[in-house]
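Across the two complexes that follow, chain A remains constant while its partner is chain B and subsequently chain C.
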Partner chain A sequence: MEKLENIDPRWVYLVMAILLTIPILKPVGLALGMDEGTKAVYNWVESLKPGDIVFGDVAYAGGSDAELSPQLSAWFYHCMKKGAKVVMVAQWNTGASLGYKVCQAAAEKAKKDGYSAEYGTDWVYVGWKAGGTTTWRQMQVDFWNACAETDHLGNKFSDLPLMQRVKQWTPDMPVMIFSAGSPGVPTYTNYFVGWPLYVGNVAVQAAEIVPLVRSGQVKGNLLGMTGAAQYEVLLWGGGPTVKKMDAQSLGHLWIIVLIVLGNIGYISKLRKKG
Partner chain B sequence: MRREIPIILTIVFLLVRALFELIGPLYDFQITFPDGTKENLFTTISNAVVFMSVVALFMGMWNLTRNHVGNIRRKRENWPYSIWLLVLLYGYAILGIIEGMEGKHFDWIYNGVIVPLDSTTLSLLAFFIASAAYRAFRVRSLEAGLMMVVAFIIMMGNTSLGNAIWSQTSWLGGFKGIRDWLMNVPNAAGFRAINLGLFIGGYVAAVRVALGLERRYLGQD
Partner chain C sequence: MHVSTDPQVWIMALCTLAVYSYLYKENPFWRLAEYALVALYTSYSVAYYWHGYLIPRIKTYVIERHQYYYIVFGLLGLLYYCRYLPGKVQWLARYPIAVEVGWGLGAVIAVSPRSPMQQLADSMRPLKNVNDVIFFLLLLTAFMYFFFTVGKKSPVVSVGGKIGRLVLMVALGTAFGNTIQGRISLFLQRLSFLLADWLGIPIG
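Presenting the complex of A and B:
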């Protein structure tokens, strides 16, 4: 029994790898619950009218791709489906291109499904701009100037029909922040008081975001991969992230089993010592 | 004067920035340039800040280059890595400038190297967390036991497995219901206390800078 306290880490890693791989190849299909935060984000997008302008912020990079890109993809598709106009900014320069590709793929999917998702008319990807929070504050005063009047691809704002309506970032343009750390949500809680804020965060950020949801500063949040899967269920009745949830469940189960085994070993060692 | 002028500039700009936040209509205040063009004062200041941040970026590149060129010249330990670093630093930057953000080769490196490496590094956490949790979560005391129970509930509340074992629609809202209470009440209380402390600390630091009491940012002679 005492040996359970010192299992070789290589076994820990091997079992983890197997448990993460099998459900991805052959999903188990465990039922998902539904978080209030996910419903709040979904209901907000559902309430948008055609032509409403919303902002999205890519405040993450490749490390959080698995958790936040599915959230961004589903949210963006939903906006296109509702006819809302989306302007995307990116607080993380390392994630700007990643976010663009996710939006581009979601726009293609929306087009195939018969929704209007034309670049420049229905959405614009402004991307990363230098200057940090100062630039973001300046976007409220003069959006074009703050962004040097060009989008992520180098197109001039004057050539993009949607941007004619976005000379300033005003409080009637809510924002959905896909955040994996800093800079991220504090940019908005500090400088965008009065703007409706919604957040898609990585799971480890939950402890930080939940108090903001509770205080009403953040109107709704998607919590990690679970949030993405729940959003897919609401939007499409299922999706690629739902399948990955089984892998996450088994990974967590293995951690719990390890904790139990470790404690059995620890307690039996204590008993032996007397 | 080497210290006084930066302190005076810091105080003046700190007050200007604070005034903008305190007096909203200041955002509409326009200044006229000698050529007759008009611009919001806040826009002018913001552009100056952006310019400074870009200059800082170049200073960082210059510093990095100087250090690594020194490594190569003196053939310090692992000096070939310095060559590799400089090749990547300047090569990728030049490629981006020539091709643009979505250029073919620039994009290929981004998608084929940067994103997978970033994802892989973070994915390793799944393995390390499993190993660390196994070694760290021992019921050595009441506090450790409590932490273990809370970790168990949060893990179960976040996964579909937890919902399958104890459903959200059953007693107490299942694992999700208890997780939500833990996050909304004890966690929120703790985090607010930490945040209040952080903000008070931030204000105190800003006031010390404004009064010229905090000078470490100027460096030491």
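Presenting the complex of A and C:
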């Protein structure tokens, strides 16, 4: 029994890999709950009127691609569907190009489905700008100046019709922050008081974000891959991320089994010692 | 099953396998993937900064609008590199640090208390229902755990502190569960890529 406390991690990984592969190939269709935070984000986008300007912030990089890109993709598509105009900024330089590709793919999908998603008119990807919170603070006062008047692709703001309406980042332009750490949400809770804030965060950050939601500083949040799957259910009735949730559940089940086994091994060792 | 013929997909797949090979044991393939990632991230950041920030600013503000004070602060920033020069001029690197720290401290002190204070205010709710009462009592016990000065001398603080420790453990357990979710998400994405994009096996 004491050996249970010292299982070779390689066996743990192997069983985990097998357990995750089976439902990926053949999903079981386990039930998926719906968080209030996800509903809040969805209802906010649903309430947008054509022409409303919203901001999105890519505050993540490749390491959080699995959790946050599906969220960004679904949210961005939803905005295009509602006719909202989206301006994307990026607090993480290492994720700026990744975020652009996700938005571009979502815009293509929206176009195929018959929605307007033209670059420059319906959305602009401003991307990463150096200077951290100073630059973000400056965006409120003079957005063009803070961004050197160029977008992620090197286009001049003066050539982009949407940017003619975004000379300042005012509180009537809410922001959805896709955050994997720092810099991330604190930039907005500290410097964007009065702006409606929504967050898509990695699961690890849940304990940090939930108090902000409860205190009203953040209006709604998507939590990791689960949040993306829930958003896909609300938006499309299902989606690529939803199919992965069975594997998530089995993975967690395996971890629970390991915790129980480890504790049995620990207690056995204690009893033997007397 | 149609295995991809795209070289880019093959490179991605082999890099993924090289990274996961670390789970078996440390090996040269893992090392290669690790070094390649660090080098790529660094070079990408430098190139992105150069083309996305520095050049547009010089073109727009210095050349087109003749706002030459950008040059002054640019030169101040360059003083950072004095650290790599002979000892006599290394002290010059302190000037950009002084400006940055001075500004940074002022900005942080000006706005930082706001966010935690809002959460603190939210913790003091009117006790209108059972949930709020439970929340308030558990909040108190969590605080008691950190009363190191009174400690075991007071039975209230002692018992409360023990309950508080359990409360903290529940919070940490939640964080652990969410961390597992995040890690599984990463693996699922790579697994989907290997099965569908690389090997061409239909999934889901």
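One rule holds for everything that comes next: the second predicted complex is superposed on the first by the 274 of 274 C-alpha atoms of A that agree within 3 Å, B and C clash if a C-alpha of one lies under 4 Å from a C-alpha of the other, contacts with A are read in each partner's own complex, and residues count from 1 in each chain.
Rule of thumb we're sticking to: a contact is a pair of C-beta atoms (placed from the backbone, for glycine too) under 8 Å apart; a residue touches a chain by one contact, two chains touch by 3 or more.
Since the structure is predicted, the reported quantities are computational estimates derived from the model, not experimental observations.
By the touch criterion defined above, A:G114 reaches neither chain B nor chain C.
Contact with neither chain B nor chain C is seen for A:P50 once the two complexes are overlaid on the shared chain.
Of the two partner chains placed by superposition, chain B and chain C are both touched by A:T134. Contact with neither chain B nor chain C is seen for A:G274 once the two complexes are overlaid on the shared chain.
Contact with chain B, but none with chain C, is seen for A:L32 once the two complexes are overlaid on the shared chain. Using the contact criterion defined above for the overlaid structures, shared-chain residue A:G237 touches neither chain B nor chain C, since it reaches no partner. In the superposition on chain A, A:G262 contacts chain B only, with no contact to chain C. Once the two complexes are laid over each other on the shared chain, residue contacts for A:D65 go to chain B and to chain C alike.
When the two structures are aligned on the shared chain, A:G194 is found in touch with neither chain B nor chain C.
In the superposition on chain A, chain A positions 9, 13, 16-17, 20, 63-66, 94, 96-97, 127, 130, 134, 152, 154, 203, 206-207, 211, 214, 223-224, 226, 248, 251-252, 255 are in contact with chain B in one complex as well as with chain C in the other. By the touch rule above, chain C contacts chain A in their complex via residues 23-24, 41, 44-45, 48-49, 51-53, 56-57, 60-61, 103, 107, 111-112, 114-115, 118-119, 121-122, 171, 174-175, 177-182, 184-192, 195, 201, 203-204.
Residues of chain B touching chain A in their complex: 27, 40, 42-43, 46-47, 49-50, 53-54, 57, 100-102, 107, 110-111, 114-119, 121-123, 126-127, 129-131, 133-135, 137-140, 148, 151-152, 155-156, 158-164, 167-168, 174, 176, 180, 183-184, 187-188, 191-192, 195.
For chain A in complex with chain B, the residues that touch the partner chain are 7, 9, 12-13, 16-17, 20, 30-36, 61-66, 94, 96-98, 100-101, 127, 130-132, 134-135, 137-138, 141-142, 145-146, 152-154, 203, 206-208, 210-211, 214, 223-224, 226, 229, 245-246, 248-256, 258-259, 261-263, 266-267. On the side of chain A, the complex with chain C involves touching residues 9-10, 13, 16-17, 20-21, 24-25, 27, 63-67, 93-94, 96-97, 127-130, 133-134, 148-150, 152, 154, 186, 189-191, 193, 202-207, 211-212, 214-217, 223-226, 240, 243-244, 247-248, 251-252, 255.
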